[in-house]
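Note that chain A is present in both complexes that follow, paired respectively with chain B and with chain C.
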Partner chain A sequence: MSETDMTDVGVEGTDRNSNEDPLLQADGLKKYFDQSDGMLDRLLGPASKVKAVDGVDFELGRQETVAVVGESGCGKSTLGKTLLNLHDPTGGEVRLDGTEIGGLSDKEMLPYRKEIQMIFQDPLASLNPRQTVGDIIKAPLEVHGIGEDDAERTERVRSLLDRVGLSPDYLERYPHQFSGGQQQRIGIARALALEPRVLIADEPVSALDVSVQAQILNLLNTFQEEFGLSILFITHDLSVVRYIADRVLVMYLGEIVEAAPVDELFENPKHPYTQSLLSSVPRIDPKERSDRITLRGVVPSPMDPPSGCRFHTRCPVVIPPDEWPGTEEAFRFAFRFRNQLLSGEIDVENIETHLEATTGRVTTESVADEVIADAYPGSPENLPGEKRDAIESAALALAKGNDEEAASIVTEAFPSPCERRMPTEHRHASDHAVRCHRLDPSAPGEPRRIGADDA
Partner chain B sequence: MSNDHTTAGRSDSDALDPDERERIARRYRDESPVESTENRGVYRRIRDQILSDKKAIFGATMVLLFVFTAMFAPMIAPYEQDETFGINQEPNSYSEGDYTGNGEIDRVWHVLGTDSFGHDLFTRIVFGARISLLVALTTVAFAFTVGTAIGLIAGYYGGLIDELLMRYVDFQWAFPSIILAAGLIAFLGGLGVTNVVIAIGVAFIDDFARLVRGEVLSIREEEYVLAARAIGTSDRRIMTKEILPNAVAPIIVQMTLMIPLAIIAEAALSFLGLGVKPTTPTWGLLLAEGRQYINQAWWISVFPGLAIMVVVLAFNMFGDSLRDAFDVKQSEVSEK
Partner chain C sequence: MTMLQIENLRTEFETPRGTVTAVNGVDLHIDNGEIVGLVGESGSGKSVLAQSVMRLVEDPGEITADELLFKGEPLLEKSEAEMTTIRGNEISMVFQDPMNSLNPTITVGEQIAETVRLHQDIGESISLPAEMKRKIIGASKASESWRRAIEMLESVQIPHPESRATDYPHEFSGGMRQRAMIAIALSCEPDLLIADEPTTALDVTIQAQILEELHSILEVFDTSILLITHDLAVVAETCDRVNVMYAGEMVERATTRELFSNPQHPYTQALLASTPQVETAVEELEPIPGTVPEPIDIPYACHFAPRCPEAKEECFEVDPAFRRVGSEDHEAACIRRDPVDGEVIENE
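For the complex of A and B:
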């Protein structure tokens, strides 16, 4: 299939080659990893899948820098690698300048690799220890047949080294002879050797010293201006984001939960997850410091992501059901208890050992009391009677070892609309999209909750 | 990334005027790379490791001696390899007779005695070193080439290709190599060095295939392999230029450890009468001949046996030490 053919196939009625189109676009992109090890596993039932990237849409414009932020394991690196076809996408589309490139074979992908390049998190690990710097940077030129002969390619490599701020005389040196920052410069030189239009930077400064980070970021900024690069900047470091990005995508468990221009996101974060991420950024000015929102609970496994809104297990502002008789705060405490119980975080054996050691006496009741004291923030006193009973009977069931009974009691007593329905994308402003029931007027619960609890 | 960047935002980068940038760039250009002689150091460290280990020095010396003997066999051996003297002469004895054909009686010294055909044993052993070395090197080279290719392909592609190739290797591994070699010689038909090399070489493929596959499985996951793919590097180039050079150390060690095994296998095949032509001087054949006369002439089988033992031991000692030297290097590299 020729290049033009593919363009035509990807058109869907509009001319995607026009200049208004985003340079790089993902549409419902998915990447699941198969966890089964071999043939036997496959025979023994449906394979468990890690849903690393689960339906991601985004656009990267010309000369734009878009940052993808999120915790470790949220799928942001997988997103970068899937865009480059280093992982085969499980579903969805990736379009480069209107041409569908998702799932192309290595051979079909070859011409597009000139356009889209990558730099890696660990600069040393991404450089072959057995090759000289010259060999490393020359490799892309050789693979794509750029340059007449070896001498010309060497000349190009020398000028690339010079542009990234390294002496051209370092050609014959090996990667381990350089400092971390210099190694990352080599990685950048390799990525830019093909003069790509899109650069995917996967945590390019996370492994570097803070002082060196700024140099590398400045270097990227310079190249963006010179080459008209578009950069997809993957990071967990929000202070870096503010410095380099035009727009930010916040990722949680394989989904994008909020997308906004950088200033808008920092000044007016809407999603509770974004708010808690931002509250963790260290600030020098005490006036700028806000109360930290600490996320409790473990990050759920991407193998079995929570139903509905994936953030509901850790959300500090989870929505109570309409018929909830008590206060929202009381509901959140109860909901936290429920989630700890469901995720198996409550260690009954440990509690028993602890009781044995301190009081010498272990009864089911004392264990149940201890479970509540341990897992319920505060005291369940302010809960409506019936709900308090649910907590107590669940704790008792757990103490008796009836884990399933305990789980069904709490699931029944403390439901939330957040776990029932997937939040749909809500546009707060034309360029600010959020996925949260709190902000969605069409979501269950009362629309007046919008903004009521916002920080 | 410092905090003033956070608060000042992007304006900070805009504020950098070109002169300032150039100044910064120059500063980092002037910063020389971390001074390190590690690269040359690799070889130096291997040398130091070998020199600091008495067994390794012994091994290396004997290996060199062996190679030297094989190369200059005609100059080292006192007589021609086919010359015959008195049969079953003891070590340190003399044959008397007209061996030069000039009508005079010669007195010929046999340092290790003679065999049942009257060949000078020392001469036979010296020439036997040639066959042993030739067979060992070509066998290992053959097994290395084929085994490495199998291991590379199986490890890199994985999946069905891996399953098929490794099941073959498993099959071969489970099969006694000397019997496989004997079977191959019967299949190839006839005696001769080439057949011996092919037979033993095939029997050794599995060792290299397993080793290389294991290395490839771990190296394949390295980020520089991913980086090579991101550039668009072809599979073949990734295998030969990115992965193989990083697996060289264990392969070299494996080769030094396979050479003595090849020598033993060749001797065993010759001993069984499946090796080279019976008139060729090899250590295994000498052993086999001597077996019949072990009561009357112990030296015929003992000296070739000693030669095999010393050479095998030497290669093993050298190989072990080499492996230790490479291990040190690998840990240092990963620590950076």
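For the complex of A and C:
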């Protein structure tokens, strides 16, 4: 593949099939959820929307395993369900083998459902407790009219049970009579009954013990080879990803921030978010432990995601503006102060109560000092003069209750290119895409671009 | 000093299908100021072991032990009233799912304040009418117990504890809820904290923070911790010593460093081989064949024998005694391991 025909994050065919189109493909996929409670809310002003998936480009090659990782709430499960058309996409396209399937009605979707199947995290919750295992696995065969008669379908179910490592004699048993690992095997048998081409696995092993988890992972690997399955593996467990995936997409607040082949991503992560995620994973071997990059601040709400790079509010290597007079570290401290002020995390009332309780007297000045002590990491002493003034006057404005003034002071004094501009995708290698200003040579500002490496 | 000393603990449940021996002759000890790990898969009996220490085993559970000493005192001989003072006051517990262990209808601050009032003599009435009044109109923000609640939230790094204390559990994020649970557990400055899968429901980034939190608790409150988990990597990063449990029995114990650099029991080895690791690309994981046996009248001597790659006939017949298998008090219960005698330290 040449560099030029890859413009989207995550575009890469596997070597086996590099001359074929991807099997499952999404362009600019969006899924917003309406947050308004009722009709009255809708009549009054625009509804607030949760942007669970916001412009995701995605490809899954034939017989490829792509893992989507991210913290809870990043939109990875919604992405899986939207690809499967269980959620109507708000925007963008989903194509299965070149055919647009996004937004099809249930009836229109029926023939394609056979091609894409899903397995879920909690196997017991996804199996009907009142049906026998035989009926559960037979149901999709009946819906899609596969098999001549009931006897033939039963025969298929028996062979499926055998394939997933369960005795065919279990046909008449109920789901609760099985262990967690066996239940997940039943879920897999049901998903594979229709011989799908794509399997979407949403945290399929998170509820299982490690010894059983390894059995299920190996089972998925075997089926991938036997049936030529393509697997979209959604998980938060990076160790599992390392084992099962060919390629990894890292998701943050509805967007994909980094995409790379699995070994490349784990050995050479480029996005500051990926780096901190990887550094948080506990390791058995003490030699493998590196310094943990702790993320500050709270995950912003997907209803009102931060402008520019969505990670800028928590990024440990956020870029100072061109004209910044001080050190990068000083800028980051000031920037953190700014973000806490803008997100309303600084609670002046609270500080007043605290001062009242400890010192007995509350003045605007003492509150302002406390605001700085509370929200500014370290001391603003090492800031250049006018910037220090900005912190102080913002704190004072906040103490007086002029929230808007305080906000405009910090916004003015501590801008970052990261919040102003959407990061464009930068290809670190032909198959390694990152969305971060640090790595984009065309981004404005004078960042020390290697900064992302030594974070 | 030894904080907790357990010898030959058995916890049994009579059921119509037979006697379930959830904990089957287990030894464990925790010293002052130690974080001790207890690792095992589901069904290994690790949670029942913790409940047995707290004497919170559900009916019809029966606990027997040669010794169950907490700070030198036998817990099994305590009356129910004495146990109530020990629970929360001296031994407290943090559970896996913070949402299910917090009361959704009471503010977080009030839940901590309640614990403080119940377990510490701070001169606030805990009579039913007084508690009812607090639940209905809210606790006085000037009370000693409320002040303590805010202090506790602050000590577990909840930002703006004064205002967050008036929030309800659903207004907290998952990580904050677990911190709040830890705050409740620590509010009476217990000597022993039992944390049962405290980070299993959390994201890795939050998990890293909570584990750091446990370490700082050790320093600030001088509390010993028993960390129960199925996650080997969590234990490797957090604990001083590790105990591995399988089907109700202890199979191996050692210092953390020794256990992970020189695992000896076939079960520990198999567990490690089936764990995917983030740092190395493994070609093929080796699952442990079969499943954990139901703990009802297990007919074979070594409970792991049917799944063990090294099992011989005698494994099913001879009870495996603990033997030294490495340095630093490293012991394993497996008859296929030669005991290291005296000074000889064998490394593989």
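Just so it is clear, the second predicted complex is superposed on the first by the 428 of 455 C-alpha atoms of A that agree within 3 Å, B and C clash if a C-alpha of one lies under 4 Å from a C-alpha of the other, contacts with A are read in each partner's own complex, and residues count from 1 in each chain.
The definition used in the following text is that contacts are C-beta pairs under 8 Å (C-beta built on N, C-alpha and C of every residue); 3 or more make two chains touch, one makes a residue touch a chain.
Bear in mind that the values here come from a model prediction, so they are computed numbers and not experimental data.
Annotation for chain A, partner touching more residues between chain B and chain C: B. When the two complexes are overlaid on their common chain A, residue A:L166 makes contact with chain B while staying clear of chain C. Of the two partner chains, chain B and chain C are each touched by A:I284. Contact with both chain B and chain C is seen for A:Y243 once the two complexes are overlaid on the shared chain. Legend: residue contacts after superposition of the two complexes on their common chain; A:R421 is shown touching neither chain B nor chain C. Of the two partner chains placed around the shared chain by superposition, neither chain B nor chain C is touched by A:K30.
When the two structures are aligned on the shared chain, A:A214 is found in touch with chain B and with chain C. With both structures placed on the common chain, the touch criterion links A:S126 to chain B but leaves chain C unconnected. Within the superposed three-chain model, A:R156 lies out of touch with both chain B and chain C [touch as defined at top].
Once the two complexes are laid over each other on the shared chain, residue contacts for A:Y174 go to chain B alone; chain C is not touched.
Once both structures are placed on chain A, chain A residues 179, 181-182, 210-211, 213-215, 217-218, 239-240, 242-244, 263, 281-285, 288 are touched by chain B and, in the other complex, by chain C.
Chain A makes touch with chain C in their complex at residues 71-72, 179-182, 209-215, 217-218, 236, 238-240, 242-244, 262-263, 266, 276-278, 280-286, 288-289, 292, 294-295, 298-299, 345, 347, 349-350, 353-354. Taken in their complex, chain C has these residues touching chain A: 41-42, 159-160, 162-163, 173-174, 203-205, 207-209, 211, 230-234, 236-238, 257, 260, 270-272, 274-282, 284-288, 291-292. Interface residues of chain B, counted against chain A in their complex, comprise 1-7, 9-10, 12-13, 16, 21, 24-25, 28-29, 31-34, 36, 38-39, 222-224, 226-235, 237, 241-242, 245-246, 248, 333, 336. Looking at the complex, you find that chain A touches chain B at residues 81, 84, 86, 106, 109-110, 113-114, 117-118, 120-122, 124-131, 139-140, 143-144, 162, 165-167, 170, 173-174, 176-179, 181-182, 187, 190, 194, 205, 210-211, 213-215, 217-218, 221-222, 237, 239-240, 242-244, 263, 281-285, 288.
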